[in-house]
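Chain lettering (A, B, C, D, E and F) follows the sequence in which the chains are written, and residue indices restart at 1 in each chain.
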């Protein structure tokens, strides 16, 4: 009985957080370990379902890098990378969309539904949601986001469904484009006027000293970002995330969070505790 | 951190219960210690707000016996009781309504709103919600429920408010009637086609041996009730509760629960644990 | 037959007035003889029902001074007044709310419903409708209006109910406050963007010479009010009414009327005749 | 002042009638003196506007016999009648529709709008509202009602307009048909599930002795109608009215009234007095 | 089969035009041969029905000159014209409304319904749609448009009906006014914020040389109109059309078209081909 | 010009068909040449867009056999077939979903959107739309349809989107199942209460003599189907189609059509001509 009482006490402690985010839109960039470790995948799906049931409106945008490489290898294709981006010929693009929209996306959808949600998977092609254009002649079908048409997301969200989005862009020429998942998620957060935009990553957040987990920077103001990049404090894949975060904040998203998806229930830890976890980016 | 993780684990353990009762109407007969002890009052209000935020539709019906007696004494009136019912002359009825609708009701409303809800207090007079008629010539304005007009409850519930109801009846002759709170709550549960109807009492439930808290009967089928009364297992104030429970179950309420309001978060313990607490009455 | 023809002629003469106020919100401050004389009470209730049936949207705000004093005396409390306001300790506040919300309010509701309306009683606590704060340290729980949350009024009005409001305020500290009924009614009229705000009083209106009923001032412009107070033309309880009227007019209520509630059907006389009765306050 | 008080008293006496018919549909067959005398026309229009403002839903169906004859004569056509029905060739039908829909109908519409209503004129052609078929080979375009499509009436009524209907039928062959106004009105009353269907006529109702105005039959049960016709108590134009009334009552219209349109405000006299006027036909 | 394939090819060629005008409001001034030749009348009705079914929202405004003259002659009235306008005494106005609203209007309605539409005929009197005032003392009831109340048009359009409008105006004095059909149609197009306003005429459009059909001016900018009139390129009935067109364009209608109603399916030719037909007036 | 007139004539000839199917739901099983030949793919997409614009509600269900085999080969998997069904291990199922939902589905969506539609791609996983269970122990993840949850289809359809569905089933165990596309489409047609269900195939329909295209059977009654199978008139892949057709007809779909998808605009030929093409199955 003591146990049960502890349990319901915890529930009521969640009340202020539930009130705070009631009816709010959260865009979650899903990736890293949270997407690949079996146990974390289930916890993530449960968290999403819980968020929806307590009145929030989560929208999931996922990536899929390693799986794409794996399938390409299986099909005898090798990937060339320029500046961290995969040069994308027509056949590669076919594989990218197939893996993102047909495998990873549906797997996330199935997991959320397994835990009691009503998820629906979409790619940027559906309802011409993510309009894209070619980034550079030499990169093939690598694209950048031109515009977001959020109607299909809104339609599903308002009918009680949880949208799960594969970041594939569609050009005016009806060609598919391979676009960056972080940037796409940021553009979607902006188009939906999201209240929060959360990156699930494989780091504890932005560390002043990458070797020292205790050097976590809790809050970054957007005008500090250029300095952090110049000083080399952030690098690699974190740079596009921070730039996407800045764009989202400038365009009206109140807060962006970069959190550690390797923690069980990372989303709930961020949303249901005062301290939060990871690094938040604010105006 | 460990603490926080325990906390979010608890939240996700609540998910199956949240799903089960999502969108369901719960009528709660509120009384006893839960209504009189300062600390329990606050926990009750918090629980009601939480239930609403996680998608349930609570409707509170309260009593008020001791406070009525206290105020009557202050005003120099003494109460006469026949068969457990207060003989109610015009002046007594005035005091009953004043205390129920003006003091107790508004106190509950204020507490729920203090904890973040949007409660609205009603008496059976409002919207002619509880139609009543005289019970017996010798009892004065003691009445019994004739019909429930649930429109005002539904209107408020659908607009996001939490209805809190004082059980005062209104006659065709526009006279107020002093009616039993348990019976009123049952009639309201039936009129709202509630999924659950819960009595908060000052007992652990129905005990086979009143001296032995371990003799709790977890489940009672409605056709066992007459026997339990005849055998003297239940008596006193529990008899009208069991009869009201039976009527509610017959009229379509799936389950009625008699639980121990002296436990902190009794409502959550009932709704968010497998075992539940107290005694349930089923068809 | 002649009689009947006269009667239907009268009905059609009402048509221009019905058209003028169709769909308009009227806030009525109800008090004085109209609230205490048995026969006038019934006529008032009938008038309110009629107004609703011919398409207007009446909202009633009532006071309750004398009854509060009567009950306090019964309970052995004596009231101290400073500057016309009752010093309000906790116990007094309990009695104020009990009498206003539990006795007077429900009596008005019952009368309106008796005559065929669908009234619902509310206090400022319900839906946190009237937010208040302490007026002065020495006055105890005497408060002033901070903000009006009109959602619960609108919800009920749109669903066909007639809101009847007891002017009790609720503080951020969840304490009840004893607030002025005239000022509360004015604030509610403003929050509802009412088309008319009518005071039912025990005077024929504003008299230039209080001894001479023929000295009625039909129309007062809001910039004349300061002069009238300074010159002593108005005094006593009429001063807060005029100040409340001015605030309402400035905030957008087209017209405020101070009329003689001692006249049978005073409301209809004001609304259904060209001349109107009493004094109107305009911009 | 006394005068004004009498006036508002009258208004409140109307309340029970207003409540009784609130939201109810009334189909009014408009004809006779009420449609031809200048002063009565205005009173009728005012009555209709009043009925709408106090919450009833009037639908007007009119005839037009004498005016059709007048215009035909002007255009050098003579009418042949068989069994009281005008033999209708193509040219006659053109004139019938022109006079009914273009002259009489629009005149009624303009009058109602002049008095503050929002009337819209329709013929049976509009929205294929009155489907008709040929009555008899020898009668030309004389038709009988086949079906009523009430959508256009409902659309206008729900948007706040008052439908005014010219009884012209439209065949499957897209030919216009000259149909009986009484029968059309009855069919429309049935299709709208009207609560009342009222004939405005040039008689005081059904008289047992046509010479004696005091011999008015207040109530006729539908199974008395055949007897009344057989006994010659009713004859001429009253026969189709009574038959239409019977059909309407059988099909679910609660009451049909045959009243004296020559009385000023005949409609109000019927609806706003206990006795009513004229003859009612009931099941 | 070849035939059928050609046919469906044609259908798909219409797709871009269907998309372009989907959900758009088109006001069509209907007159001339298209309204008088039996075969063209049917084709026009079919076209209107088709436009509605493929998602456009056509509103038809018609004239009626020759038929009015014909009926007047039949009734022994002769018309006097001043400056191309018929001097209109009361009797003439009666005939004008009768012919426009009762004959021509209902004939168009019946034809559209015959071909599967759901047309409803209206005159400017209905819902006080076209408010007018006297144009000149010497002209009798010749009027000009004062204001358009488009509610009745919108109500019917939104419920799926096709409004067909006879241009009769109604004055504040409740008198009917004989108003110009072209100007009325333009005012209606403006009030409805129509996307297109099309005149069906008996000319191929505006010809630079009236003798030479090849001298058609495809596009006129509104600032060219004065010059064209001054140079005598346009004259007669085309002048008010061009002026009405200019007013419509200035008030926000994107394009006005003057097309040859003598061509079968003139409306479809204009709307479903790239070239269009006739003359367009643009800003 | 002649050409243009022919063109608009054709449009108006389509009117009766447009009316017939206005607002009706059509489920189209898309496959065969229509799905693989570049030119036919575009014509199909255009047809779907046209159907939607003229008021029908098309829902597309596609298959994908050959492409699945092609990708499997690329990935070094060989397929084993038992009774025409592909034995499906976990890895095969991954490829099936990837190809169906990620490649073929999105390609169809992109094409429809390219031609002006608003398609959204779904698999049976989305919104748990197609519930499936294992067909036979030896077949691995080959499944059969258990239930259809059509909410996500309806939500998108009502918001103006065109649903395009990949027939992947989802089990209670959250496993994906490889299910027959024809049967899935039939179950979806039934769940949507479709008016028509159309198979696009690579045959002219059901031929009495497979060698003789002139032996087409235009109409089959569902009780003839068993005979046709027994007599060997139909065989191979046509058998499950006919059985699915029969089930659909029994469950309330009015008509099922088996048509030749190799014909350009086959859908339009079926829907917009009297004769129709191929074989229809009726009750």
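Some points to look at:
Going forward, a contact is a pair of C-beta atoms (placed from the backbone, for glycine too) under 8 Å apart; a residue touches a chain by one contact, two chains touch by 3 or more.
Please read these numbers as outputs of a predicted model, since none were measured by experiment.
Looking across B-C, E-F or A-F, the interface that copies C-D in more than half of its residue contact pairs is found at E-F.
With centres defined as mean CA coordinates, subunit F is found 56 Å away from subunit D. Measuring from the averaged C-alpha position of subunit A to that of subunit B gives a distance of 46 Å. Between the Cα centres of subunit D and subunit E there is a gap of 35 Å. Across the assembly, subunit F contributes no residue in contact with two or more other chains. Chain-to-chain contact here is organised cyclically: the chains close a single ring, every chain touching exactly two others. Here the chains link up into one ring; start at subunit A, go to subunit B, and the full order comes out as A, B, C, D, E, F.
Those residues of subunit F whose C-beta lies close enough to touch subunit A in the complex are 71, 74-76, 94, 97-103, 105-106, 109-111, 113-114, 118-123, 125-128, 151-152, 155-156, 159, 161, 168, 170, 174, 176. Put simply, subunit F touches subunit E in their complex at residues 4-16, 18-19, 22, 43, 46-47, 49-50, 53-55, 115-116, 263-265, 268-269, 272-273, 275.
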